[in-house]
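For reference, the structure is listed below as structure tokens.
To keep things simple, chains are lettered A, B, C and D as they appear, and every chain counts its residues starting from 1.
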Amino acid sequence: MTLRVGVIGTGMIGQDHIRRLTHVVSGAEVVAVNDADGDVARQVAAGLKNATVHATGENLIADPAVDAVIVCSWGPTHEAFVLASIAAGKPVFCEKPLATTPEACRNIIDAEVAHGSRLVQVGFMRRYDAAYRALKAVIDSGEIGAPLMYSSGHRNPSVPAHYTKDMAIVDTAVHDFDVTRWLLGEELAAIRVIAAKPNSLGGDLQDPLLMVVETESGVLVNVETSVNIRYGYDIRGEVIGETGTAALADRGPVVVRSGNRVSSSVPEDWRQRFIAAYDVEFQEWIAAVAAGEGATGPSAWDGYAAQVVCDAGVAALYSGDRVVIELVDKPALYARPSERPKGSR
Amino acid sequence: MTLRVGVIGTGMIGQDHIRRLTHVVSGAEVVAVNDADGDVARQVAAGLKNATVHATGENLIADPAVDAVIVCSWGPTHEAFVLASIAAGKPVFCEKPLATTPEACRNIIDAEVAHGSRLVQVGFMRRYDAAYRALKAVIDSGEIGAPLMYSSGHRNPSVPAHYTKDMAIVDTAVHDFDVTRWLLGEELAAIRVIAAKPNSLGGDLQDPLLMVVETESGVLVNVETSVNIRYGYDIRGEVIGETGTAALADRGPVVVRSGNRVSSSVPEDWRQRFIAAYDVEFQEWIAAVAAGEGATGPSAWDGYAAQVVCDAGVAALYSGDRVVIELVDKPALYARPSERPKGSR
Amino acid sequence: MTLRVGVIGTGMIGQDHIRRLTHVVSGAEVVAVNDADGDVARQVAAGLKNATVHATGENLIADPAVDAVIVCSWGPTHEAFVLASIAAGKPVFCEKPLATTPEACRNIIDAEVAHGSRLVQVGFMRRYDAAYRALKAVIDSGEIGAPLMYSSGHRNPSVPAHYTKDMAIVDTAVHDFDVTRWLLGEELAAIRVIAAKPNSLGGDLQDPLLMVVETESGVLVNVETSVNIRYGYDIRGEVIGETGTAALADRGPVVVRSGNRVSSSVPEDWRQRFIAAYDVEFQEWIAAVAAGEGATGPSAWDGYAAQVVCDAGVAALYSGDRVVIELVDKPALYARPSERPKGSR
Amino acid sequence: MTLRVGVIGTGMIGQDHIRRLTHVVSGAEVVAVNDADGDVARQVAAGLKNATVHATGENLIADPAVDAVIVCSWGPTHEAFVLASIAAGKPVFCEKPLATTPEACRNIIDAEVAHGSRLVQVGFMRRYDAAYRALKAVIDSGEIGAPLMYSSGHRNPSVPAHYTKDMAIVDTAVHDFDVTRWLLGEELAAIRVIAAKPNSLGGDLQDPLLMVVETESGVLVNVETSVNIRYGYDIRGEVIGETGTAALADRGPVVVRSGNRVSSSVPEDWRQRFIAAYDVEFQEWIAAVAAGEGATGPSAWDGYAAQVVCDAGVAALYSGDRVVIELVDKPALYARPSERPKGSR
């Protein structure tokens, strides 16, 4: 009963997931791969026991040996591959973004609703991070009262040359948007984006940014993105409730006393910070698919909502205005919370 | 050469300063007191070795036995007492606010400039707190690069019944405004005030609030005020620089492991949090006055600037708009930084 | 190329490892089980896809469908099962203790040396814990200079009724002994055991205990065992080097501010604390066995050395004396360090 | 009613106390000084408003203008100056050691008992440190149950060339001994001293040392002294109770994120660490003397007990044995606890 998986897109992230499915988590086997660059796909397949190389993603999806699909290809191709997977009735795990426009996301929602049950999961891995889960558990326990504010910090030591102004929102803050929706259990309703004094290490980028986001119920969220801050990859978050607060802890495993400092380490990059979350994400996805549930993690609706917030964020970045976030009605298919905190682990 | 001090206003804060001057710090003696309630003044004087009770603040200021004046009376009376002290050529320490309007503050500035040297110090005690001084020392060291953002949190467990909506700005956030100006060494230029989902424990107050403040050079400051948060009196602050950040540490002196928690204590109120800062504030004021410097701490200009920011903040609270903060030209008398971080102590 | 594993002993720990091999880590399948209680074995097998129940551990070991053996049965049976596995030329993972006497451990060493390559791994899971690995990495980096002292704390909220005085050493501190040998890369040479004022919650036990252990090179190790301390399961460790120290950090993922405390959580038991370490332990064991290496983790030598230290510790507990720890010569088979810290993960 | 103080010994520590009495704490004035080096005494007096230089300590004590005496001279002179102060009926604050032998300490006790009320206070400043007081408050609150063990760490970055082997006990660990007696409220009963692997930066010293001390009631105390550890001056302490533990927190006021580390500072030396404790120590001494109580802090008995423990410790260091600590009967004068934790401040 091993789940036979096909992977579309065998670049860095695709290869990492293939390694994970093959050597780390149990219950799945990669049996098919495809990439826009056939040579890369063939090279990757050569490292596997028994994997077919497909000329196109569509062929891979159609392969009867493939039980479920993972999409790690270039963002603009996601819509077509996810729709094809739904058409084939196969569970599909799609890295973010679900699709590059809200309209494309709605096409996927429509197809999945027509199918009648969930098949699509989006790769918002923070929901599988032990610290975020513990944070959600504290909120849900009522220990700090009803949440009133949330402060989210997203810090990268540096970004690649192709990183553009918009990417602080659509590539970086999108994770903060999703995890905010999940932590608070509600949609985001409006967004302002305010530029701070620019970091001279960030070239022409407007960096850092402060985004002030309001949720449906009025919780005020501020998201700081600092993508050239050098000192490390650091994810911060504090929920301010009526009677207390809860925050992600610093995560260094060791405390060193040296040279008049007491210190612990900060991760160097997102891989280091979230590697265990990715493992759990796939372990739970495999278990859900194997149990015939299709998907229990972040849904097409979550992918859509994130995309609408990103669009509003980009509009707010350019206009300087408070931009209202408007979503279509939520189909009943997504009514059930897509995920609950699991027991401590 | 003991400094002979007269105290106007012998309510709670006045009595605390009298205790401090009498029993804690060296170099001063309280020789005269005055209060709107003469009985209170007489009672306080009875506890002192050798203190005269004056019928009016003006009389106290005029008393030749009084070398320097401390003003702890009701805010609306500050302007007159400070102006009288300047007229008498006596150093005067005035609790915040310096005066209740920017215009009144400007009157004081004009009088002090006319006098030709500094006599006025305003009671912004945070500048004397060891943690804030250490924070400023890190900024000034360049260790985290140029500051780009500053995040300030001001949390009170509860506020008295007479606390009104505006007081979150003029009474609470005013400390954050002053300490921001001091930490960053520049003026504030604009302010937005955004209300979060209201705390149900806060009655009709708009609490918590998020204030987004811009400095002259573009540093983006966000100030969170939560004045009904129950869990304790907690002052937070993190400066985000180009290459790192520096934050006030949690201050609990002891770590307790008990009942599946590792914990340390949070102060119950501002007295507990800032008692040592008040001690240092007066120690340094006495030393400066004794040295003939008049005042080296927060100046009339600082009091004025804080008041203008507060006015702008209240306007922003009611309008919902971004309000520009406009100051008059800064007299040369205040050109020199009013205070520098001292060596570790 | 899935590794086919047989599990001897299907009690609590055996069942947990079966869950782990089946649902968490990749690359192995449990194909055979045995237990002293046949009903339990049959029940466990019924939950597996394709597992044979064997009447005896020996039968299981002899089963050609079994590639490798995991021994989780009662301690006194370990020697026989490990020897049988070696005789069969099959890799064997044995939960601690390797055997209940140093002599029995030496029998295993002799058999493995005769076999000519490593087949045996002992279940000292702490070596797979991320925090201990980070601690070892700091030591090995030279950042704190040569280690001079090590302070180890082992705290249990409570122990079961059958827990006897000796078990503080042979069941509890044995983990500290092994991890000390591994962290410092040398053998232990002498031990004193000193009883503290007894915890009234610990009945007749001598609890807590302080063990003062000397390594070959003179590093002084103090081990505190507190097995009725109620507040949580807490593992502490600090290495004191020539120029600095390195310690295991507190591990709570979330910081909560509530009720005048800033706090984070302490694990409730060892499962919660070391669950991830067990996962890594088996992932690496499976990878090593699959690669034909037999075992790369804690060796029969490590199991033997731990047992000798435990014997000396028990003697020291009863005599009050400093007891010298004497080991036989180390066979060349074990010359190579049994494990190195891996890259951060 | 300013307390007129004479200071015997105007070296580094004497000068620091003179600065403290003159410029920091209230209620005292230094009116007389004496030093073995008359030039130094004259220089120090020149910096004071109104201080007489005495040719001998005895003269200073006899001076009717002197209300109370502070002894900061060389240890071997302490006995005579303290006895002379008692003979003169004057309160005397004596830096540690009270005297250099237990016999000399007993002479002082006998004289003070004959006098009939307390006049002597010994300079164990740790009892005035905010963190130690908070630690004692937690113990006394019962929150962690009855204390069973105490772990004390005393780390110096380096020691001067004249520092000898014994000084790790009589100069360094003596503070740990006193604070242990005070925290636990009982006497120490036996001591072992065990040398760790020597720090190569410590020359011929046996450093670090582990001292295992037993209290009367059986609490087990381990004291680590590391006096060449370079990284900073770091004082650690954790009390292990029946149901929890309480420890001195790390004290850095600011958390810096920089270069892949989250860090806070460690003090460079004992002055930096305990400066505030010295201030409180003298503030409370002045208040007690002014109130006619003679002394409320560490008593001659405390000075005696510390000296006996030091003697036993040195014997244990040389013999390697467990040495029993034997005290004479405690006079009723010292029955009342010499100090209680004050309310949080």
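To be clear about the criterion, a residue touches a chain if its C-beta (ideal position, glycine included) is under 8 Å from a C-beta of that chain, and two chains touch if they have at least 3 such contacts.
Because the structure is predicted, anything quoted here is derived from the model rather than measured.
Asker: Among the other chains, which touch chain B and chain C together?
Answerer: A, D
Asker: Find the chain most remote from chain B, comparing centres computed as mean CA coordinates.
Answerer: It is C whose centre lies farthest from that of chain B.
Asker: Using Cα averages as centroids, what's the distance between chain A and chain B in whole Å?
Answerer: 44
Asker: Just give me the whole-number Å value for how far the CA centre of chain A lies from that of chain C.
Answerer: One centre to the other, that is 37 Å.
Asker: Go ahead and note the Å separation of the Cα centroids belonging to chain A and chain D.
Answerer: 57
Asker: Considering chain C alone, which of its residues make contact with at least two other chains?
Answerer: Residues 144, 230-231, 243-245, 252, 257-259, 264-265.
Asker: Please name which positions on chain D make contact with chain A in the complex.
Answerer: Against chain A, chain D makes touches at 230-232, 234, 250, 252, 257-266, 268.
Asker: Flag every residue of chain C that touches chain D in the complex, lowest number first.
Answerer: 144-149, 151, 194-201, 208, 210, 212, 215, 217-220, 222, 224, 226, 228-231, 240-245
Asker: Name, in rising order, each residue of chain A that touches chain C in their complex.
Answerer: So the residues of chain A in touch with chain C come to 1, 21-27, 49, 130-131, 134-135, 138, 143-144, 243-249, 251-259, 264-265, 272, 275-276, 283, 287, 344-345.
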